[in-house]
Amino acid sequence: MNILTIDEAVARIESGMTIALPPEYCGVAMAATRELLRQGTGRLHLLAVPQSGLQADLLIGAGRVATVEAAAITLGEQGPAPRFTAAVRAGTITMVDATCPAIHAALQASEKGLPFLPLRGILGSDVLARRPDWRVVDNPFGNDDPIVLLPAIRPDVALFHCEMADSQGNLWIGRRRELATMAHASAMTIATVETLHEGDFFADETLAAGVLPAAYVDAIVHSPRGAWPLAMPGFYERDAAEIAGYAAAAASAEGFVAWLAAHLARDEAA
Amino acid sequence: MSATTAFLIATLARQLAGARRVAVGALSPMPGSAAFLARAQGLGPRQITVLGSRSNNDFTEGGRELFDRAAQGRIDAFFLGGAQIDGAANVNLVAIGDHDRPRARFPGSFGSSYLYFLIPRIILFREEHTPRTLVDKVDFISAPGTSPANVYRPGGPTALVTGRCVFAFDRTKGRFLLESVHPWSSIEEVRDETGFAFDVPQDVPVTPSPDDATLALIAGPVREQIAETYPAFAAGL
Amino acid sequence: MNILTIDEAVARIESGMTIALPPEYCGVAMAATRELLRQGTGRLHLLAVPQSGLQADLLIGAGRVATVEAAAITLGEQGPAPRFTAAVRAGTITMVDATCPAIHAALQASEKGLPFLPLRGILGSDVLARRPDWRVVDNPFGNDDPIVLLPAIRPDVALFHCEMADSQGNLWIGRRRELATMAHASAMTIATVETLHEGDFFADETLAAGVLPAAYVDAIVHSPRGAWPLAMPGFYERDAAEIAGYAAAAASAEGFVAWLAAHLARDEAA
Amino acid sequence: MSATTAFLIATLARQLAGARRVAVGALSPMPGSAAFLARAQGLGPRQITVLGSRSNNDFTEGGRELFDRAAQGRIDAFFLGGAQIDGAANVNLVAIGDHDRPRARFPGSFGSSYLYFLIPRIILFREEHTPRTLVDKVDFISAPGTSPANVYRPGGPTALVTGRCVFAFDRTKGRFLLESVHPWSSIEEVRDETGFAFDVPQDVPVTPSPDDATLALIAGPVREQIAETYPAFAAGL
């Protein structure tokens, strides 16, 4: 099993890389994100699958992000993502607006080794109008039937947090299958896990159903509470107070800097 | 509990009559509550899927399943909000002003650009009913209200519920029609506070207020069911 | 839960329908197939996902099949499928040759509500040459890069056997996810199950990972040993002797008729 | 155990040197055994996936995963058979004679029409080496041996192992080259029994025979591992 320390694993992420990130309900590698902030990795291209929140906002606020491709960036019940909003308004990041199924489909194209996948809808939207990389063609099986084609997205890294890893390097992701799609589509997969499992998930067909095989996994970090302050369903809830505190503090750039320093210091002390 | 909130939940729930399979997207506490209320009232929904929920979510294919299921025709109704909504039912979830240097930026289009085309009954909801939110023309089209006849589009908007009224949407005309006005408002007020032109029939009824049984459902099971995904909202119900 | 008797469930399959069938290692509804033979349903279009064996051969031998679309029809270690081979040689069925990933992709197109999906490979093969329904286009994102487009396949029925159903009508399919794709892509899904499970699979996230939700399932039949004489992994092995006996008997049309009568009689007596 | 079977398994196993991720398709007992042997010998394969197996199969996305994984470049080697194989490495798994009324019909193309294009090292295997199986031109092309330069094709054939010899395939020339002849055959016999033209270098070595350690592995762990998918074949080993 490729069990690494968090600094070893995160060091594989290089400046300028495209990182695929899961939505907030799905296992976000927040401890690894703090390590990424410490290592100073920059010029990142964030691909939200299909949306992100605190994770993207921290990286944006710290100036580590060149481009965000997402269907949405939000802190959910804690409101707008303040540094994302400020960065878009100031024009300091390139925002590539997408829509959820387009991101899923572009990753599935990569998963299938295809140059593109078609998708219904989108026609007549400004999402499409602002995506010169998307094409509209006439459906060859139809008659005057325009349809959008999306080029495959192949991230350099898929980074996420999930429930457990076994001694063979397999991950158990349960029904969070977007994590599997991310891994299949990406050149490298780095996962942090809540727990380690002795043995082999494939020895039990009930567990096997929720497995992302080791064949797709490049680095695993044992990181209990690795999604905090976001939720890890079945383990801990979203730390709404922490995130609300963030939302308030990060309303200003100075507030963000102070909050982040305190947050990182608290993490190191823990 | 805010009486307005309960009123709007009950009003949204009526829009689900006969819709058996309802999905509720991100950032949608009132629509989510409306779906649970409609089910409790036996109005139609048997299957409710709340994005980001664990207990009200039967997806096992990950995030793409909502979109695939919609395309398969297995979802009857869905709610959509908008930072701006215009008279042609175009929806803006992205930005006000120039896209690259906007005056205001919102989270993003989510799945709207797709689901608006594929789910037969899309119920638009925006509580703030002012010329700022209901505009003549949106600054950014996350999803268009109508499409040319040759565009594959089994779905689209059927209604717009606001803090002042209910509009029905006429897909052929591509225009809203005033359907009912909430008890605390009036046709004149709706006209003044709406940034787009719309049709007004001869008789415009008052939107019915929820009865005690409905209020009890909202304060009871509905509140409990929505708490998993929107704890802060549920605490306020 | 839509628990039906096997004759009620199978009666939903009408003559002329397109039926999606899983491969032999994946849960074949053989008891339901015997019922289908009894009910006399004919002119079937079999879609093997992506291959079939005994099940297809029985239906072909009994004259119930108009068309077979498959990547392969074989009895595996028990040799060629005799009635399939005879029917193709005699020209009494229409054989539509495909290749495994093309069938998976065409079902995924239907799952995604798309008119088509692209697929690499196939170019220059006679599989492609004999498929006027498949198109070759120039990849709009490439430069002189031909690629095949496959039209979506939407079967009328997905018919399979799986491990269990719960009291909510959910099916547990484990990692046999082709069964999910078949169900998603089909207008109707009929499943036979080895066992019934009290409660709701979704109450346990470990089980939930292997679930095909009730939303896709139209009829469930409790059918212990429902895959016999094929295997149901975890429950019983392939009955190699029974299938070898079939392979020998069905070498002739008369032998097939006699074997089938005895097989059905034995099934009724059981 | 047949000495020829063991010889062929050992010969096939050598073709896997350096291939870390090997998949074995349907109806492939000898290739499957070769993969297990190569792993036991430390020749390269660390990950072996046997289609239709449960214990030697790490797929969790259903039948499509083999094809998606191949397209992702995550499978290094694969075996393919053929009712007919011709001198351009075209493979026929479908029929002899007219497709619609064939003289002989085989199971079908399986995934060959796709995998032949995508997996870098495809090892062709046909034990029967006669002008009937190794033909000048196949009656039906399940998968072509080579493709025009503009066709996306990271994969293709590298070798053909038969009951008489090993051929290497030269993708540039689109022709086979005789690599070694099994101890019981000869260049002349290979020439007589092959229906297509091929190149013969100056020195053609004898295909090495398996040593005792190799035979012990085949009779032991290999036999055990292949039995899950091919019990009848394993019983004969």
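Observations on the model:
Order as written gives the chain letters A, B, C and D; numbering starts at 1 within each chain.
FYI, a contact is a pair of C-beta atoms (placed from the backbone, for glycine too) under 8 Å apart; a residue touches a chain by one contact, two chains touch by 3 or more.
Everything numeric here is computed off the predicted structure, so don't read it as measured data.
The set of chains touching chain A and also touching chain D is given as C. Each step here moves to a touching chain, and the least such steps from chain B to chain C number 1.
For the pair chain C and chain D, the distance between mean C-alpha positions equals 28 Å. The geometric centre of chain B is 58 Å away from that of chain D, both derived from CA atoms. Centre-to-centre separation between chain A and chain C, using Cα means, comes to 37 Å. Counting only residues that touch two or more partner chains, chain B has 54, 59-61, 67, 71, 118.
For chain A, the set of residues touching two or more other chains reads 105, 112-114, 119-120, 145, 147, 175, 180, 205, 208-211, 233.
The full set of touching chain pairs reads A-B, A-C, A-D, B-C, C-D.
Within the complex, the chain C residues that touch chain B are 110-114, 170, 180, 184, 202, 205, 208-216. Touching chain C in their complex are the following residues of chain A: 105, 112-120, 135, 137, 139-142, 145, 147, 149, 151, 173-175, 205-211, 233-234. Residues 26-27, 51-52, 54, 59-64, 66-67, 71, 93-95, 99-118, 140-144, 147-148, 150-152, 230-233 of chain D are the ones touching chain C in the complex. Considering their complex, residues 21, 47, 54-55, 58-61, 67-74, 118 of chain D touch chain A.
Those residues of chain A whose C-beta lies close enough to touch chain B in the complex are 23-26, 49-51, 70-74, 76-77, 80-81, 84-85, 88-91, 97-102, 104-105, 108, 119-130, 144-147, 175-181, 233, 240.
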